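Labels run A, B, C and D following the written order; every chain starts at residue 1.
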Amino acid sequence: MGNTFGHLFRITTFGESHGGGVGVVIDGCPPRLEISSEEIQFELDRRRPGQSKITTPRKEEDKCEILSGVFEGKTLGTPISILVRNKDTRSQDYDEMSVKYRPSHADATYDAKYGFRNWQGGGRSSARETIGRVAAGAIAKKILRQVAGVEVIAYVQRIKGLEGIIDVNTVTLADVESNIVRCPDAATADKMIELIEQTGRQGNSIGGVVECVARHVPKGLGEPVFDKLEADIAKAVMSLPASKGFEIGSGFDGTLLTGFEHNDEFYTDEDGEIRTLTNRSGGVQGGISNGENIIIRVAFKPTATIRKEQKTVTNEGEETVLAGKGRHDPCVLPRAVPMVEAMVALVLCDHLLRNHGQCKLL
Amino acid sequence: MGNTFGHLFRITTFGESHGGGVGVVIDGCPPRLEISSEEIQFELDRRRPGQSKITTPRKEEDKCEILSGVFEGKTLGTPISILVRNKDTRSQDYDEMSVKYRPSHADATYDAKYGFRNWQGGGRSSARETIGRVAAGAIAKKILRQVAGVEVIAYVQRIKGLEGIIDVNTVTLADVESNIVRCPDAATADKMIELIEQTGRQGNSIGGVVECVARHVPKGLGEPVFDKLEADIAKAVMSLPASKGFEIGSGFDGTLLTGFEHNDEFYTDEDGEIRTLTNRSGGVQGGISNGENIIIRVAFKPTATIRKEQKTVTNEGEETVLAGKGRHDPCVLPRAVPMVEAMVALVLCDHLLRNHGQCKLL
Amino acid sequence: MGNTFGHLFRITTFGESHGGGVGVVIDGCPPRLEISSEEIQFELDRRRPGQSKITTPRKEEDKCEILSGVFEGKTLGTPISILVRNKDTRSQDYDEMSVKYRPSHADATYDAKYGFRNWQGGGRSSARETIGRVAAGAIAKKILRQVAGVEVIAYVQRIKGLEGIIDVNTVTLADVESNIVRCPDAATADKMIELIEQTGRQGNSIGGVVECVARHVPKGLGEPVFDKLEADIAKAVMSLPASKGFEIGSGFDGTLLTGFEHNDEFYTDEDGEIRTLTNRSGGVQGGISNGENIIIRVAFKPTATIRKEQKTVTNEGEETVLAGKGRHDPCVLPRAVPMVEAMVALVLCDHLLRNHGQCKLL
Amino acid sequence: MGNTFGHLFRITTFGESHGGGVGVVIDGCPPRLEISSEEIQFELDRRRPGQSKITTPRKEEDKCEILSGVFEGKTLGTPISILVRNKDTRSQDYDEMSVKYRPSHADATYDAKYGFRNWQGGGRSSARETIGRVAAGAIAKKILRQVAGVEVIAYVQRIKGLEGIIDVNTVTLADVESNIVRCPDAATADKMIELIEQTGRQGNSIGGVVECVARHVPKGLGEPVFDKLEADIAKAVMSLPASKGFEIGSGFDGTLLTGFEHNDEFYTDEDGEIRTLTNRSGGVQGGISNGENIIIRVAFKPTATIRKEQKTVTNEGEETVLAGKGRHDPCVLPRAVPMVEAMVALVLCDHLLRNHGQCKLL
């Protein structure tokens, strides 16, 4: 019952890591938007495992098919359904998983809740579920760009203790895609790649922080009081697998300042636009966008799947040990970048429609 | 359109800081729950300004009236409407505010969105709106306690750089209420109080972190994939005024660990219950509660209202300066404690109802 | 959990027939709409019992108070909360009702569902609940009129076997209000009034049909496939107390025609507008308004409360008899007229906002 | 944005009559329900055109594939996605439709709303969309049967002026399926079939009434005040293509009775259960099921597609004529039977979950 997100631009994802496939139904997409499966595939390829030496080598093709909602290359305003087939290769790796709970995975809680689960991989809790989100996000980003020139750009800001220095005002998609770790600070990126490779060789994993900036966001997005823009974005990204924390603007560090230091003073720019001199608010005041850059950060824990042996129990409660077999993903951060972008874009697009309706937007 | 929160236990708040009053309609409350306006008033009094020397001296009585949904001291299962009247004292303090935008307040964004606002105080963006949340939270906490023995306890964990040391397993409401800053570490609390008073004398303000623990939460709360428990809690608390960040379990610090260090190993306890040896997950795995303590933290920025002069503009875009008049609240954290408790309780109660329905719960 | 209606223009009603009061919170109302409590009171007075000799003589003043959302006579875009206090006069009439279930009332089903009920009158199932709907409908009608010149006019079309002849193209509010039975066919109205009075003297009750026309509805309202305009209107009016049937356009009688007879042929009018020659569709095709008059009918059963003795049981299941005491309402139809208008207006207004958003509408 | 139905048992349909396919995502289905694609296919075959000589001869195979949510023959509690591929045969019949609006179809209103449409057949407004509903309904019916022994049986009650006499207490699925018109009154069924064939030969079409009974519905389903059981059912069936009216229990005819005649008196049956002597309420009182048979009727207009020439306009507004080409469906009623069953079952199942939650139901 929690597989739908959004109020007017609304997505419903479906699918487990094993079974027929995964996908999404997008309801509320404005009509007459030009969209192709290639544009969606571009984002899916960024999300895909096995795209570089530092991500999990599991080969997934993840070719998407648009089943409905698009006619002669343009959206109809009806639900857009997108399907990505699973390669149904039952690995022996999964045999052990049918009885043993993987530490810090969702195996045990799914069993507790549903009394039944698809133990072939992560089932519904697999990161494979995010395919539907990223596909929908590709469309949301296109709408935002086309309607209002909004750019949504995420990147790896930190891996473990290695922190990149990135200018939120100028960073581009090309910068982000210029290296496989998706940190647009080349020197730090090299160190990050080395750390990930080394960690992978040890059968271990690491986490970090993804930052996302949305530029040129129109003023007035966000609905007081519960659907504040930052509240909706927080929910959006905290629903991604492995996320443990969220910040907007000054975030946790902002609590170390005084009000006098923290407040964003107003001024009027050359175009007569009311602006703020600083942006500790992160582009949102009172839950409503103020036209400045929206800047958020998401903490991702180190991947739970590792090749080192750890204590666990079986579904019968017997104590045992478990070590991930074969290949694993030592760091999910580079693949999390398009996921964060997608979620932020989905929220912004939903609020854009709340302000303007579906049909008059384009 | 964003004034409703929750799916089955659903609240709708209303009211501006000035006008007839503020309040809440609670839809979905289980029938036959004993509830009195005194129990609700207890929580409202914790939220109320002017309750101690370190909170804003603005006197508000905030007496609540239950308008519907309760009969002979018990809930009917119908909507519970609770009203708190405003004292409609138009202050001259507000005259300046009708034209000047207060920095880091919602004045400018409300004007941008609605083209009109109640400039007498914060209007809808005032913290006064949280009265409805706290009233509803009082009921949610009672349901949680009665149905499942769940305890939801929040407290001030940090004020600016001053950090309390608190044991999440043992901290009680009495501990929290033992001092006016609501930090259950007495020594640190004293320093915090001193810092707040000193800051207030300077006309400045400070922020910090509220931590909240929910103990004895049943396994199985939370709905994959978008309504994960931590996602719903994140949205809940990020919709509170002045919140800038959210963490669950290991949070941002967890990104500094490896997977081997971070994973929570499983064991079976003396009662045959599957448990985790550590709790870096913060009580939630795969978006579903695992029976361990749910532990979250919320960053609150320093209050925007200060008595120091700052640059700003008028609603016509003219540059000017503004300084808060008279009294101000140098630190919102002690009053934020019951707000965070309320929001966490509302989410847990909503998910409890999703698992069991409204009418069979009690 | 079912006390909220609408998606973007969203109302939540609260209150029982006895207790503090009844009312409504309206979320999503466009900002900058001029509205006064007098305009709302006008509609409440049309709904009020005791307004004429043929309605129930129970005296209710039903004075409304706007608690929030309006400032200096204009809407803020924030929730509008409206309260009508109950006169808490516990009648001895109600003593018997605490144990005996009134036939064809909701006493037994509320007890079955909630295990508890307010037996002082109808509680939440009382027609008094519709005060909130009618108050919200007054605002919806004003928005519709102001934004698009839409007129929503309901009237009594039939009482028992007495059927009025009314021209949907020309009927006005003044016509409807020209007699106490609200049937704008004067000759039939007289007979209806006589029949109602005679029925009342016998301690019995009668029902009938309310028809509602919405003129000048813009093309394009309604969302395929589940939120078709007629589906949303059907739900809206079938949620009114005592309603047993719904029709749009040709309705049940249309099933007696062939497709050739039933289809609405298209033509282009002098303004170049695409129109239909007939209107058996009732203004909606494929769930979307086509610009023609929207015409619907609602069947209301005879009021369940009568003064004649009938068989019933107590809440313990003991068989007994019951007769309504004192005064009763022999025919709810005249008072149902503003209720139907309100519900149709709420749906149209909600769909108008879906097309245009909240803030840009006015 | 209106492609989702239900609150806890929630379906989202997708797909146009032409394009990749049509289908449904079902969110909230209880885990551990045994379900096979054969069970779903059984209902789809009842809905399918071309199943008998009196329905449209268009051949559609409509083979369904379960893409997700089912593992080892049992539901996982995760979204169940079901896909039926379209046979993408572009007919020349459709060429004319790209410019001419078919009378009483949705062509013109879709163009008015979206500014664009799939003119190859009905697009999203095609009855083909109901495949997803019927597939979901198959699962809902199984849950209802398994959890509470609820039987949902619909049948053709009237075709034009030919009315069947059916006993709602005893009618079975076998009775309904015993003839191709799905009227379980054999003598009338023969006349109906003859009338349909004759009408078809004339290139014309006819409508009628589908009745549906739900037996053994538990007491307590339905949520006052807007989500009354009859209100939700009304919306459900009024969202079906070609429906023009809805009744519950005594319906429109009930308005001809007095209250004394209409009221359902209570008694206590041999099992101590509180029952009603009559059932003019149709199984619902105050919006809540009372344990009696739920009985509803839906009016379906004569199919809009006929082979006779009618006046219409082009999308440019030019006046012209149009006659349906080739084959057409002279009467949709037999195929509407499984659609009505599905919609009623979906509502009941949704309310069952509201009372009991998703995971504890089975």
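The rule we apply is simple: contacts are C-beta pairs under 8 Å (C-beta built on N, C-alpha and C of every residue); 3 or more make two chains touch, one makes a residue touch a chain.
Just so you know, these numbers come straight off a predicted model, no measurement behind them.
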Which of C-D and B-C has more C-beta contact pairs: C-D
Furthest chain, CA centroid comparison against chain B: D
Separation of chain B from chain C, taking each centre as the mean of its C-alpha atoms, in whole Å: 38
Rounded Å distance, chain C centre to chain D centre (Cα mean): 27
Multi-partner residues of chain D (each touching 2 or more other chains): 1-4, 8, 13, 78, 113, 124, 220, 224, 354, 358-359
Overall pattern in which the protein chains touch one another (line/ring/star/complete/other): complete
Sites on chain A touched by chain D in the complex: 1-4, 8, 10, 12-16, 19-23, 25, 27-28, 31-32, 65-71, 74, 76-81, 83, 113-118, 123-124, 358-359
Partner chain B, residues of chain D touching it in the complex: 8, 78, 220, 224, 353-360
For the chain C and chain D complex, residues of the former touching the latter: 1-5, 7, 13, 101, 103-106, 108-110, 112-113, 124-125, 129, 158, 160-161, 199, 204-209, 219-220, 222-228, 230-232, 234-236, 238-239, 241, 243-252, 254-268, 272, 274, 276-277, 280-282, 284-291, 299-306, 308, 310-313, 317-319, 354
